[in-house]
C-alpha cells in the first residue's frame, strides 16, 4: 500500500489490479463483498471454483494490514472479517462437530453472492460501455420543439350581446316600481262586507264565514286579513264585539245591540 | 436523387450530417471543418451540397442562412410543428356585458364601463375580450389621468354578424323587444302568468271589487 | 434503398420525419399520431419503418427506445462527435452498480440491492440515479414493511441505447445461469442437485494446508 497523505482514499486507478494494495474507495463505496470479489478475481478462477479459505485468508490479512496502518475501517469490513474468521474455523473443524448450516453451505452461499455481485459489476461495465446519448450518440442539438398551443376560441352571439346591454341599461335606469294587480280585498270593501253581514243577525259569527266562498287561496288570505282589520275597526267604533277562546282559536264577532246596523 | 448525390452517403457526408444535426447552433463551413479535425473546407462544402440536395424532398431541409448551415423542418410542414388545439368557450355574462357596453359606447374607458355597468370590472374580463380579438386598445382619452380607451375590432363585427356598429339595435328597439325591462318586472310577469291559470280567477275579480 | 422505401418520401412520411426532428423528446407512435391530428397509428408505424430504413446508411439514425422514437447520430461516428463537449455526467462506481442491479432485477427494493452489493447503499446514490432520470420509484412491495421499490425509466433506455430491457447486455445469459435469482433460490438449486462444490472442496482442502 502506498503512503499517500490520505492513506485509505486512493483514487480509482486502472492499474490497481496489478498493484498489491487493497483499498477502500469511499466515494464509490467498495464494501466487503466488493473486496472479496476483488480478491476472488485475483485468483483468476471461476467464482464457483475459488478457494473460500484462500479468500478468507487474504481478507483477514487485509484487515490486519489495515489495522497495522491504523486505518479506520467501516463496520461492514469488521463484521465481514468476524464472520469470515468464524467460517474459517468452522471449515477447519472436523465435519462431525458441525452445526447447521454447514460451513460448506456458508461457503457456497458466499460464492453465490460473489458470483451475483460479479455478474452485476460486469453488467454495469457493459452498460456503461454502450453508445450513450450525450457521449457517443447525440440527439438533435436544437430541436424546434413541438408545441400544442391550447387556444380558447370564445363564442357568443348577437342576441346574448344585446340582451346583456339591455340588462345593463335596465339596471342603470331609474327604477320605477309597479305593484302588480294582485287579487286582494281592500280594507274598504272588507269593512263594507263585514258591516253588511253583521247587520243581518245579532248572533256570534265566525270571522271565517265572512270570506268570499269561491276565492282563490291568495284572495282568501287577503280577505281574512282585511276582514280581521275591519272587525277590529268596527269594534273600535263601538259597533261590534270580538271574542276568542284562546290563541289561534276561532275568532267570533257580533253586532252590539245598541249599535245601529251599518 | 438521380442528378445529385450518390445513393450511399460517404463517411464525410455522414460526419457533416451528424455534426450539423447535433449542433446547438447553425455552423459555418469553417466551424464544421474544425469540428471534424480540420477537414478541408472544400470537402465540407461538397458534403453540404450533397446533403442539401438529399434533404430537398424530405420533411427536414438543410438550409444556409448568412453563411451558417442548419437543419430545419420543411417550410410546408411548419404548421405541423405548432399545433393549435381549439377549445370553444362561451363568453361569461360579465364579459358579454362589458363587450356590449364597449360596442354601444366606444371608445370607452374602463371607468366609464364601470359607471355604466354599476359594478367593478375585473382586468381579466377585458383581457378575455382582447384575447378573443373583439376588443382593442384605442388610445387614451385626453382627460386628467389619460385613461386607456377601448373599442371593438373588425373581428367583433364578423363574429356577431354585423356589417357595422350601426346595425346594433337602438335603445327604442331594445325597449320594444322587452330587453330594457328590469329583471324584477320580467320576473313579475312570469309569476303572474303562473297565477292566471286559476279558473276561479275571473270569479275572484268580481269579489275583489265587491 | 432498393428493397425498402420508395424513392421520394410521401407527405405522411415527411410529416412524421419533421415531427420527430422537431420534437424535444422521443415520441411514441400514439404521440406522433395525436400530434398529426389523429393519424392512424398503423400509418405512423409504416412511415417509421420507411424512415428507419431510409436513415440506416446516414449519419443520423432513427431509433426506437422503449416504444419511443427519436433521431440520433450514428454510433459509428462517436469518435467524431466526442470532440464536442461530453455531456454525460460521470457516475460513481457505486451508482453504476446500483443502476445495473435495478435494471437487471427491476422492480427491486433497496434491501435487495444491498443484499447483492453486500454493503449499505447511501441515500445519495439512488438520488443521483433518480435525478439523472434513469430510476424511478415504482411503488411498494406488498411484503411486511412495504418497502419502496425502484425501476428504470424510459429515459434510461434512451440514454443507453436500449430498445427495451430485453436488450440489456447479457440479460438472457444471466437469467439462464440463474444469476438474477436470489441467493436463497440458487442455494436450494445447488443443494438439491449433486453438491457441485464438494469436489472442489477437496481441492480447497489442499490449498488450506498449502
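Chains here go by letter, A, B and C, matching the order in which they are written, and residues are numbered from 1 within each.
By definition in this document, a contact is a pair of C-beta atoms (placed from the backbone, for glycine too) under 8 Å apart; a residue touches a chain by one contact, two chains touch by 3 or more.
The structure displayed is predicted, hence computed values, not measured ones.
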Checklist entry - So which chain is the furthest away from chain C, centre to centre on CA atoms? => result B
Checklist entry - Can you name the chain whose C-alpha mean lies closest to the mean of all the C-alpha atoms? => result A
Item to check | Averaged-CA centre spacing for the pair chain C and chain A, given as whole angstrom | outcome: 32
Checklist entry - Cα centroid separation between chain A and chain B, in whole Å? => result 35
Item to check | For chain B paired with chain C, centre-to-centre distance based on mean C-alpha positions, whole Å | outcome: 43
Next on the checklist: Which positions in chain C are in touch with at least two other chains?
Outcome noted: 19, 21-22, 35, 71, 73-74, 81, 84
Checklist entry - Touching two or more other chains, which residues of chain A qualify? => result 138-140, 144-146, 148
Next on the checklist: Applying the document's contact rule, which stretches of chain C touch chain A when the two form their complex?
Outcome noted: 19, 21-24, 35, 61, 70-75, 78, 81-82, 84, 86-88, 91-94, 96-97, 99-101, 103-104, 115-122, 125, 158-162, 168-171, 174, 177, 179-180, 183, 186-187, 190-191, 195-198, 200-201, 203-204, 207-208
Checklist entry - For the complex, which residues does chain A have touching chain B? => result 138-142, 144-158, 160-173, 175, 178, 180, 183-186, 189, 193, 212, 214-216, 218-219, 223
Checklist entry - Which positions of chain A touch chain C when the two form their complex? => result 12, 25, 27-34, 36, 48-49, 51-54, 76, 80, 91-92, 104-105, 107-109, 111-113, 115-117, 119-128, 130-140, 143-146, 148
Item to check | chain C-facing residues of chain B, complex | outcome: 1, 7-9, 13-19, 21-22, 35-37, 57-60, 71, 73-74, 77, 80-81, 83
